[in-house]
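What follows is a set of structures to go through.
Below are two complexes that have subunit A in common, paired first with subunit B and then with subunit C.
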Partner chain A sequence: MSYRARTRIVPWLFLLPALVWYFIFLVYPMAYSFVISLTDWDGLSRTSNWVGFANYINIVFNDEVSRLALRNNVIWTVGTLLIPTILGLVLAVLLDQKLFGRTMFRTIIYSPAVLPLVAVGLIWAWMYNPQFGFINEVLKAIGLGHLARGWLSTFETALPATFVTAIWTGVGFSMTVYLAALQGIPAEQYEAARIDGATGLRLFWHITLPWLREAHVIVLSLAVISSFKVFDLIYTMTYGGPGRSTQVMGTWMYFNAFQYYHAGYGSAIAWVIAIITLTVAVPYIRHMSRD
Partner chain B sequence: MAVASQVRVSESRPKTFQLQRSWPKIILWIGLFVMAVVWLIPFVIIVLTSLRSMNDLISNGVFAIPNRLVPENFIRAWNIGNFSTYFRNSLILIVTKVPLGILIASLAAYPLAKMRFRFNNLVFIFFLVGLAIPIQVTLTPLLVMMKQLGIAGTLPAVIPPYVVFGLPFQIFVMRGFFRTLPNELIEAARLDGSSEFGVFWRIMLPLSVPALITLYIIDALATWNELLIALVLISDTQWLTVPVGLLSFQGQFSSRYTELMAGVVLSVTPILIIYVFLQRYLVSGLTAGALKE
Partner chain C sequence: MRTEKYLRLSSLFALTVLLTACVGVPAAPPAQAPAQQPAEQPAAPATSEKIKLRIASIWDAQAMENVQPVLDEYMKLNPNIEIVVENTAGSGAAIYPDILKTNIASGNPPDAFFMWGGEIAGPFIEAGQVADLTAYYAKYGWDKKYSPWTLDRITRNGKKYGVPWTARGMGFWYNKENFAKWGVEVPNTFAEQEALCAKLKAQNVYCVSIGGKFGWHTMRVLDYFLEHHCGPEKHDQLNALQIPWTDPCVVESYRTFQKWIDNGWVVPDFLTVEPNESRFPFFKGEAALVLEGDWYEGVLKNNEQDNTKYGFYIPPTDHTPLRFSTFPEQFMITKDSKYPDETAAFLDWFTSVETAKKYPKVFASSATLGTNPDCSEWPLTCAMREKILAAQSTYPPTDQAFRKELMDGFFEVQDSIVAKKITPEEGAKLMQQRVEEWKAKNKKS
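And now, the complex of A and B:
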């Protein structure tokens, strides 16, 4: 083989296993799932009818649950952008100080992030337990017993209660990314600003925040992407209930495709999630592929 | 990888944005201490629950120190809950799927990092897009494919999708790491007559051990924790992984809280031990830019 031919073919030989795997188990299933989403297939029978974009129209205009699920995803997204992100940033700045035991603080706050979300969901379902749960016991102990309730079985509190669990597991990630990014801010930036008379919050606002731009792209994009992928916590803690009040797109897809035998409709929901996450991912992927 | 490499030099960096006086520091420290305690409460509660009897729980509540330690909860959970089976299955995946995925990712990352060819960047972006693809959009076809292959319901069914959903992040990290290795090493090996695969296998991979360990830990964790794919593709009880097994365990023990929490403690303890000892690797890998969900 000539040198030129070799250099032209060799890269593709290395890429071959990954590309083949990617096409067979990702690209092909995605395309297949799009075709299914244009039918009324139940997931089992040999036949199905072509329905065009009817499933998509139903998701957006007719199905109250899918609209509620979409709304819940949006609420989840806004909540994630606000609470764990800002809390993570604040913690990162504080734990960047020379403090006694700061490594231990980081270890503890990040620790829930390594657990299986099923275990996290079971732990918090127990915390929220109406009879014996920690939350109600504390409320009773401090004289707020009238507030005690079945947090996960009450319509108004089920989604916020699940979200509190998401904060517990989620803060560690943004804290860690911001902590790493803080190390990249050159010391001279602060010194120069200090000579100009800036202190405290002004340093944070004019030096720290702008220098964290890359970290913002990562943390904020992933916050939105993961908010639309939410599944495990809802499935484990509320199973979409009470009623269907905590359904999100991820669980509603699962229930349709694998419990109610509406594979066509479920696939359409899956594609709606995919379109949203892929759109949000554009700046993120651009950032990751830049040198 | 840029961010991760900065972490390593962090300790020598002069700290500048620092609180100078001591009283704000003390208030700050107390605040962080309170938060850490709050973060630990769920762990304390599940341990306290798992160690007491149901009667003790009903009469004394969830805070009280157990009046007698009941290790039988763990034994019953382990035996009746089939935890040995779930642990075995998850471990099988960790020693088969994880190395397979990392090998495929490393092979792909090598030319992306070190060779010039048409569409290099396009192929890289094509892989990165996988980071944003929700699992749901592949699930129904995957189930059909696994049925056709005759492995639906069993453990091997999850291996192909697990590998695929690991590839984007792994290719990203390995490409970043390979790029930090000097080109002279590759040139020298080529002059010695080494094949490209020889360069990859005998030079690139051995030099990448730190990155490979990090990826191994991250992917082992993700594999151990994954629910949705396993929920759809595994149905035989003898092939359930830890998360799905934990869910079916909850189904059987829904109101036997003490044993249920013993099961939860069993399933999180190995991970927490690994986390505490290997967190340096884990955290540097996670901050390499991204995290797959």
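And now, the complex of A and C:
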């Protein structure tokens, strides 16, 4: 084999094991699910009918639960972009100071992020239990008994209550990313700014925030991606209820594909989720790769 | 040299993965219609070979403790058979069918699986994934072996696809000591039932405890109201979608449910409470009733409750015959089972009178005629079983009358009624809308 041919082939041969793995366990199932999304397959029968893009048209124009689920996902995303992100940033700035016990606080705040979401959902569902739940019991104990209610059983509070759990699990991750980024800011930057007379908030706005640009990209992009993938917490805490008030795209995909015997329709919902997520993920990956 | 060695190894690895994946492609891809049904069953291997029968079920750890000795005995009697149970415990009909469906669609189905009757089993039959057991019914005389109404409920298009193994029925369970303490008695009419609830409320006791997560626990109470307000004939017609859900009796049923909520007769904020958690207010004496089935005596014992202190009654409907909610459970044999004959032989033995007599704990609710639980140990189960088998007529829980998709429409309306997001009239209209949407979506092309 000539040298030129070898230099062309060798890199591909190095990539081959990973490519084969990637093709079989990611590309092929994805492509296959797209084919299923163009059929009316029930997920169980040996036959199906080709329906073209009818499933996609129904999701967008005819399915009111899809629209409700999408609205819930958007609310969830906006909430995730604001609350855990800002909270994570504030905590990171606080715990970046030389405080007593800061390692312990960092560990405590980050620890929910490593717990399985199913376990988290079940624990919080118990905490929200209207009869014996920790939250209502605490409210009663501190004289706020009038606020005690069925947090997950009320249409208006079910989604926000579930979101509180998401904040609890999510804030640790954004705090950790920001902490890592904060520690990368050169001390000279602050010293120079102080010499110029900058203090407090001015330092934060003109030194800290600009230096956290990369961290913002990571935290915000992953927040959007995880918001559209949300499933575990809704499934374990409310099962999409009461009524259908907490349905999100992930659970609605699951209900259709696995419970209603509409695997084709469920696959189409999965692709809608994927498309929305990719519109955020692709620029994010490009940005990260470029840098 | 090291590079070449790596390349050789990596190429070999990639080839192996590729070949393995090609061999392991799922057996049931969604081929385009029309397609042929699978050919004949593959021939069973020679009997000298050890046969592994896989049974999918919902038995929890406690149930398995009782079931395993039964299976062990069968394996001892048939040394060439190994029975492996694959369980999905905990969620009732909410999750188990999904897991089972995935199992079957992946091309690796169990030989037999537990299933409820009615529409929960429907998709498996319509998808052609379960075997028609007509030949086995003739061979083993199953038509005369099981309770007739259980056979009716598992019959579809004139064919039988399952072997009934339990006959379940539901009623209001109560604590007799608490009833005496509160000065209330078992009601005989619907008016007396409501008077009982009012009297309990006056003593700060809830009448009924419900766990509304998944919807089916709440549904049992609504089913009761539908039976009372609509009567047996209309209730059956509603379940069969033969009359519209805008019928005044449906509105009245929703109105009654809202009244029970408004009057504080139901433990509040129950919509996303786990069904199992509904028992806590009941055990603590904060609620007087739970609408549960013949299995509840086992629940009482497992929760260290003294079962002799409890009783049950059939909710009064003011109709004759007095119908109550019943359902069968069955085992179905998958069409792709490699061992349908061996599976049928096992199910015949498993549901026999002799096996039931030897293992009364497992077969307390058996659908097999001539079996009875140990009444000294299981007095309530025994008493309820008498009613279940003697019933002239019963009604199915709505989640066995409707497909899951339509059922979720029913649950959506039910929750909205409970939360007073809609009026009873709006609820009836919304339910009918869900019925029409479901019919349109599921019209077979």
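To be clear about the criterion, the second predicted complex is superposed on the first by the 283 of 291 C-alpha atoms of A that agree within 3 Å, B and C clash if a C-alpha of one lies under 4 Å from a C-alpha of the other, contacts with A are read in each partner's own complex, and residues count from 1 in each chain.
In this section, contacts are C-beta pairs under 8 Å (C-beta built on N, C-alpha and C of every residue); 3 or more make two chains touch, one makes a residue touch a chain.
In this text, all values refer to a predicted model and were calculated from it rather than measured experimentally.
In the superposed model, A:L82 makes contact with neither subunit B nor subunit C. By the touch criterion stated above, A:L152 is placed in contact with subunit C alone, subunit B being left untouched. In the overlay built on the shared chain, the residue A:E137 is in contact with subunit B alone; subunit C does not reach it. Once chain A of one complex is fitted onto chain A of the other, the partner contacts of A:I36 extend to both subunit B and subunit C. Using the contact criterion defined above for the overlaid structures, shared-chain residue A:I57 touches neither subunit B nor subunit C, since it reaches no partner. Touch criterion met: A:S45 reaches subunit C, while subunit B stays clear of it. Applying the stated contact rule after C-alpha superposition, one finds that A:F255 touches subunit C and leaves subunit B untouched. By the document's definition of touching, of the two partners only subunit C reaches A:G243; subunit B does not. Contacts of A:Y284 after superposition on the shared chain: subunit B is touched, whereas subunit C is not.
Comparing subunit B with subunit C, more residues of subunit A are touched by B.
The contact surfaces that subunit B and subunit C form on subunit A in the two complexes overlap at residues 10, 14, 17, 19, 21, 24, 28, 32, 36, 43, 129, 132, 258, 263. Those residues of subunit C lying in contact with subunit A across their complex are 3, 6-7, 10-11, 13-14, 17-18, 21, 28-35, 37-38, 94, 97-98, 101-102, 104-105, 123-124, 126-129, 212-215, 267-274, 277, 280-281, 403-405, 408, 411-412, 415-416, 418-419, 421, 445.
Contact residues of subunit A toward subunit C in the complex are 10, 13-14, 16-17, 19-21, 24, 28, 32, 35-36, 39-50, 125, 129-132, 149-150, 152-155, 158, 237-239, 241-244, 255, 258-264. Subunit B meets subunit A in the complex at residues 2-4, 6-7, 9-10, 13-19, 25, 28-29, 32-33, 35-36, 39-43, 45-46, 49, 57-58, 61-63, 104-105, 107-108, 110-112, 115-117, 120-121, 123-142, 144-145, 160-161, 163-165, 167, 171-172, 196, 200, 221, 224-225, 227-228, 231-232, 242-244, 246-247, 250, 257, 260-261, 264, 267-268, 271-272, 275-276, 279, 282-283, 286-287, 289-291, 293.
On the subunit A side of its complex with subunit B, the touching residues are 7-8, 10-12, 14-15, 17-19, 21-22, 24-26, 28-30, 32-33, 36, 43, 91, 93-102, 104-105, 107-112, 114-119, 122-124, 126-127, 129, 132-134, 137, 168, 173, 176-177, 179-181, 183-185, 187, 190-191, 203-204, 207-208, 214-215, 218, 222, 225-226, 228-229, 231-232, 235-236, 250, 253-254, 257-258, 263, 266-267, 269-271, 273-274, 277-278, 280-281, 284-285, 288-289.
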